[in-house]
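Next come two complexes built around chain A: one with chain B, the other with chain C.
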Partner chain A sequence: MSKAENYAVLGRNFDRFEGHDKVTGSAAYVADVFLPGMLTGRILRSPLPHARIRNIDTSRAEKLRGVKAVVTAEDTIKKGWGVFFPDQYPLSVGKARYVGEEVAAVAAIDRDTAEEALELIDVDWEELPAVFDAAEAMEPDAPLIHEEKENNIALTIDVVRGDIDAAFKDSDLVVEDTFESVPQWHSAIETIGSVADYSANGKYTVYMNTQTLFMARMRLATALGVREADVRVIQTAVGGGFGGKSCDDNNAMVAAILARKARRPVKIINTREEEFLAGSRPRVNMKVWVRMGFKSDGRIRAKHMRIIADNGAYSGKAPAITGVAALRHDTCYKYSDVRSEAYLVYTNKIPTGAFRGFGNPSAEFSVEQMMDIAADELGMDPFEMARLNAAEEGYVSPHGNRVISCELRQCIDRTERMIGWKEKRAERKPNRGLGMGCTVHVSGKRHFGDYDGSSATIKMNEDGKAFILSGEGETGQGHWTAMCQIAAEELGVPFSDVAISEADTDLTTFCLGNYASRLTYVAGNAVKNAATAVKEILHETAAEMLECDPGDLVSRDGFIFVKGAEQRSISVADVVRGRQFRRGGAPVVASGSFDADSVSQDALRYGNESGAYNFGAQAAEVEVDPDTGHVKVIQYAVASDCGTVIYPIGAEGQVEGSIAQGLGYALIEGIRMEEGRPVNPNFSDYRLASMRDMPDLVHEFADSYEPTGPFGAKGLGELGMDPVAAIISNAIYDAVGVRIRTLPITAEKVLRALQEKKKNGG
Partner chain B sequence: MRAKFDYLAPTSLDEACALLQEHEGDAKLLAGGTALVMWLRMGLLSPGYVIDLENVPGLDGISYDPADGLRIGAGVKHRDLEMCPEVQEHYPLLRETFYKVAQPRIRLMATVGGNLSHGDPMTDPGASFMALDAEVTLCSSRGERTLSVEDFFVDYYETALEPDELLTSVHVPPPAEAVWSHIKFTPRSEEDFATVGVAVTMTGEGSRCDDVRIALNSVGPTIFRAHAAEDVLRGRDLSPARIEEAGAAAADASDPIEDVRGSPDYKRELTAVFVRRALEQAAARLG
Partner chain C sequence: MKRELVLNVNGEEHDIEIEPNRLLLEALREDVGLTGTKEGCSIGVCGACSVIVDGRLVSACLTLAAACEGKKIETIEGLAQDGELHPLQRAFVQYGGFQCGICTPGQIMAAKALLDHNPNPTADQVKEWMSANLCRCTGYYKILESVMAVVEGKVDEGGQGEAVREARIQSLYKSDTYKSDASD
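And now, the complex of A and B:
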């Protein structure tokens, strides 16, 4: 980290900005919000996967003592909402499309009364034929889930770059296979919740544990039929997001509708069971067919991929996720002839959505196994093949992604060394195996409107302390701390002299929020620019006070010095006071903004989607029990190129968390559905990798600098998650010669594959 | 809907028994609450009365006597049993078993009596108690009776407890010269319920097995003893073939269900594997 050594604040660990509140239990999560007169809201959910509502009779519920409001679609504007397709409603209009869909809701003086009232709502259902499999849903005779969507197809992608037929003809080796991922669930420790208030002047105030504040406001305004500024969203402490709290669900909408009708604040906190059904929306499940062509020296020559993505009943972010799965990974290796097809298909199941990786894990599960298969066929070392094909500085992907900084080869080298690849392959142990893979992710993505930016305001207090106003919000990953570090570094003040605001749509400028590994890069640049502007004001005033030229000043440790004559100095506090307390005085305050140098993809989905790309390589050593199929991950090695590391302990946390979730995705997790109903909606049946299940994890950050990033930094949060499942599968193949193509890779699947192999004389 | 019930908090065993009798069939006992509260929340139980045993004296405590063995109050927490020095010294199988149950947060709440009374075939302690030939004491206003742990488990979530009875203690005989082994197979997560659980105690010398007890959890409607597997080995030489045969016999006796941990066939195959491995481990410990 050669560059980081020159920094005063960056690259060093501090107590997390909000850490003391969290470890002492005083941080206020949404369940801790209590407003005077607040009611408890509960939601009536569809018990059927696909059913028309003939009639809803709420009269009995309304008469129950303690019930203050009962709402159905009749209390809404019945206008569809959704980030890409407006296909969902806060409360079912006409019919319900999955088990768990919000049909009606009650606000009452307490939870028991509200739940009793739910039982008094009579819904006259007409059950409709349902479809649960994405491929079946595309058949001509399949029941239509959204009448206007032919063959239940929400989205079709078919892009061709170069000459794919000629490229396959020119290939020395062509391999193809089909892989299927699994609807993984975020399992954040805190479920989604909100407290909504409606004032007499027509304004909604909503406390939410969301990770995308202004997006929440936009969607609330659309669904409620009001203007954005008529909704104020305040972020509470958030107990984990991972994409699941990016506001594609209806919790806050329903709370707001109830609050308006009851004229009292309403709190709705999802139970864990509700959270599985209709809270954070699980990963989009994908079936991925890939064919890849290689030259005999290991170079990738052609790639053709076809994805069938299971949308569930409503679209949310799945259209963008499907696009990422189809195109993103072509930024990892160098080749030019590609065809990517993808179909996003409605089914009568839980709607899917954003989850760390955002489509990339499904793609990497497929492609990183194809790389391994090809290396095996060509008799090549997978590390050699990765190095040969690795993206580098200046690479432009077939879809227009422009790579500025890239230390993928360095990551490959580091990983090879950390896992002891050569040594272990030279001395193989029975049933032990090694696997590797590479990964790429973005630092922000131009999805929404033609904007991938951020803004922040910094105001100086008269004691010299800086305060950042930002609407990006903290989701638990350490973003606030990193922003304070960036501001402190740029302002030349100690870390302890910077604080950051809670996110509040009324008090901060527009921010997109926490997704696409964007905050350190995009929001970091905005904060840095704000700090630069504040520093200019400080230097202007300091120059007057020190009687020198502003260009001769430097800031360090809370003081402003004259370069070369450092005894001439003044504290930042004195400068702020000097500017404020004088005739014509003014506060020291400035805003900064940043919009990444990316473009919206065109109609053919061409265009540089992000300002910077993060790269990585990983490897695993596993041991397979041949009698039981049990896979034990012995060691896991990770090298990540995230540019300059701003907040090391936070960055390490992102790596560790990514690998834990990646291993869960690979080996354990997945919502299992029968007839549209989850059969494992609890933590007894839906297991996660626990601390005890983690392997020996070794990781390093590449020596890297992104010229467009704040102090050279870029994103990291999702990168590590993406390739884990493929790497585990590759390692299992190396250990015992069987390849599992569907997730999760359970012990039973491995044992059956081993038995099959034995039967066939393997 | 949240469960609605009357909460009763007796302060003596007699009072608890009287309340159980009074509300026979409509009352559930609350000890650690790790199973009961979950079942109430899920709506699987809707008792009219919940009788909290928190204030009932005499249900806690672990006592060890070389001649009498180990007596464990029904209210003893899993964690206390796991950490008890006498248990660690004289009943390493129990220490090992309880250490493997869930994680410390659960073990600090869950009680020994509550676990057994719940009759959950997926939990670990019952098999080890069975392998150690333990017995339980059941108490009601009609009096007291003792029963072997083996006879205590009747069917899926069904025990020998009459509606007016409660389990007050567990008695484990003095530690014999037996060797032991325990395997809890948890391929998803170490904190999961067992896919297969095996507890073995064995006496013998060299390669001869004088006596053996094999108990299994998670592979049948109850925690059960694999008698047929024991008969293969009892009084015989422990050859690899015989150990294999015992594993197969245990698999025959298993009757696992399909769940997120695997298919019945898979669990049956694993029963053979893990009974074999547990027997090999125990045999290796014979002097």
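And now, the complex of A and C:
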């Protein structure tokens, strides 16, 4: 059922839909949008982590020749916006809460003029005490960042399932430890940017490199105080998203406010430094204490987690991310009794937010190390322990997540074989070690309103080519190609006979966009449903033309045949023309919708959060240099259960990219902050892995079929990222006997731990 | 104060007027109108703005436009000839050497600079050379595969590359391997 060869189009690689544009330099990214009369916008940012604004004097800037608009909060409706808590403003109202916050902005005829004007804006600051550490911010005497938020706590979670005290008493082994992650920047090679235009009849048109078009529109409408239909958002080519372009930042808001005042289009492209200061919202850093109880045979009996998550100065998606960190991993293994406490705390730093994994990497960095620690204590093989506890078909997590398809055990088996676990363990080499871990992710999540769906429209051209109208948008993962494949498969036309629209809020139906590994599963189902509806129309007309019953028709390779009498056929193009060009003619067009069978979590955070769950196992072999602490990843193995693979190159690319980002998170990526100010906001100091840093990577997809997915497919995009850091840490422990509990695992930390171990006679 | 400048880009002369402190990146994108060269880090470490000037790979974000007068500038827009993709471009499409595509013009120009000087580099030489071009999407595996496909003459000139694809599908599922293991 899951075999690719059963399909005409699925499971095959085609030239990526937008591929030729991208390799020839003709794909238009937001920086490539030039409108007549367009101005350059630049933003004045807070130089202080926490400060009251006594006064802003913009008069000198306004007088500079070439300046067309200067704006402050006085040019806004001063209405807070934010997906969960409306605590952020496009431009500071009253005070600034982090270094980099947008305070004022200028639109001018060129960048030099705009930058000169910024220097002519006089802000009278009153510096306030600031707090940078989430745990310190919870102390009673900590300065309050939002006056109404007691102890700076944005959100508290305390979920108890089962009888946690009895479960720990019933455990044969109890282990506990604390792990700490750091913010990770998306570091998309393209920074966030926008071009905003404001027309005389009061409509905003905003070109954005966003992942989430309609949510961008919703937030723009809220912050600008207009109706949603008064804002048109058009997605340009997007130069990397990973969550960072899901619109929790102010770039487009400010561009729109400037455009309205200047009555000319305004372009604002973040500099790389701005991207680190106030652009993409970095991964939520968390301190995670976890205690786990096990039976002597290795079965998990109880788990208790306490998370302190750093929200930064404003709440973007961190409230949802904290919820995921607290609960998601309980879908990976079979749990009965768990307690999860979490505190999301404001600090005077850049707001944190969505990054591939969405809280899961911090949780897995702790839990997947606890599994390793417990296996070690029990003298068990970690793969055996994972197999014993692995979720399976029909499992319902303590929080209500219902697992339909699950090939986690198959992934564990494949990973064990690919990394050569048994062989390498039998013949151990000095300073080499192996580590493994498992992971789970969703295929869409019911976060935003009681809707976890998608919709698409397909219209047929008179040449027989299908055109998909979808507002989900492409951010580089290959979504467009996968959607064209799904439509082609369902319609029975060649891949080359399907095209897909750019995302544009005025021209497509409502779509949630790129997050939560949702597109293949959720949008794929919507596209498939639209294709089914179109096929019905085609068959209806074809039946008239072929004088047969519509139920007797099949579509293949762009033709519609009568079953059993295949010489009786007609091309799709002829059918489309036949329906259009006749008295009472009509176009062949239909829409499809899909809303996943998930539910919004209740007040106690119970509820099946996604329509399908994807699973994976991974393992690493590392070599540690005992003299320097340097960790070299020798080999990395990944097995992923994403159901049917629709677009193999795209799917492989998601795995490969996830592992690269995961290894960066594990080993090298971190930023030094001094008084809330990043001291290395550039790619020279915030180092990304390069080609020579990548280990040998082997990966496979499980034979798997998700009954609720389009042709059996489910999500994949984030899965690979989640467990990497824990697995590297487990492998380092296996190699040299030291465990690193804070990210990133730098050579310095490993070396210090080795020296400590030596001192203690280890 | 703007000055007149002639830039030879992809074999064509462009007369532009530009401030002397302007970068080649800005001149190409804003004055010549070729936006295929991208800005990534602005400090010459990410390689997104890589172009070839008189046969040498340079970062257009660190190079003054005025310093390129009288030199031959090659950008991504010059690679495809008469609508036919350059073998490197075909290889990147065929082997999935890009996702979001923002670093891709720089990756392809860097690879071209390497192959212009050394048509037969080893995989290690490619890795070393291409390590000056950052990519956040791919993990580099498919970029390496794409470049090596050109080196090894494995770029399928025949369109969809059915054979390559079949091999990929086989290696992806490896079902038999798995089943023989499971039956043990």
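Just so it is clear, the second predicted complex is superposed on the first by the 760 of 762 C-alpha atoms of A that agree within 3 Å, B and C clash if a C-alpha of one lies under 4 Å from a C-alpha of the other, contacts with A are read in each partner's own complex, and residues count from 1 in each chain.
Basically, a residue touches a chain if its C-beta (ideal position, glycine included) is under 8 Å from a C-beta of that chain, and two chains touch if they have at least 3 such contacts.
Everything numeric here is computed off the predicted structure, so don't read it as measured data.
Chain A has more of its residues touched by C than by the other of chain B and chain C.
Contacts of A:E119 after superposition: chain B is touched, whereas chain C is not reached.
Contact with both chain B and chain C is seen for A:L688 once the two complexes are overlaid on the shared chain. In the superposition on chain A, A:D32 contacts chain C only, with no contact to chain B. When both complexes are overlaid on chain A, the residue A:E748 reaches chain B alone and has no touch with chain C.
In the superposition on chain A, chain A positions 682, 684, 688-690, 692-693 are in contact with chain B in one complex as well as with chain C in the other.
Partner chain A is touched in their complex by these residues of chain C: 29, 34-43, 45-46, 48, 75-77, 79-80, 85, 89, 92-96, 98-105, 108, 126-128, 130-144, 160-161, 164-165, 168-169, 172-175, 177-178, 181-182. Contact residues on chain A toward chain C in their complex (touch as defined above): 3-5, 11-16, 18-29, 31-32, 186-190, 237-242, 271-272, 410, 413-414, 417, 475-478, 645, 648-650, 652-653, 656-661, 682-684, 688-694, 697, 700-701, 703. By the touch rule above, chain A contacts chain B in their complex via residues 111-112, 115-116, 119, 627-631, 667-668, 672, 679-680, 682, 684-690, 692-693, 746-748, 751.
Those residues of chain B that touch chain A in the complex are listed here as 1-2, 4, 42, 103, 185, 187-193, 195, 259-260, 262-263, 266, 269-270, 273-274.
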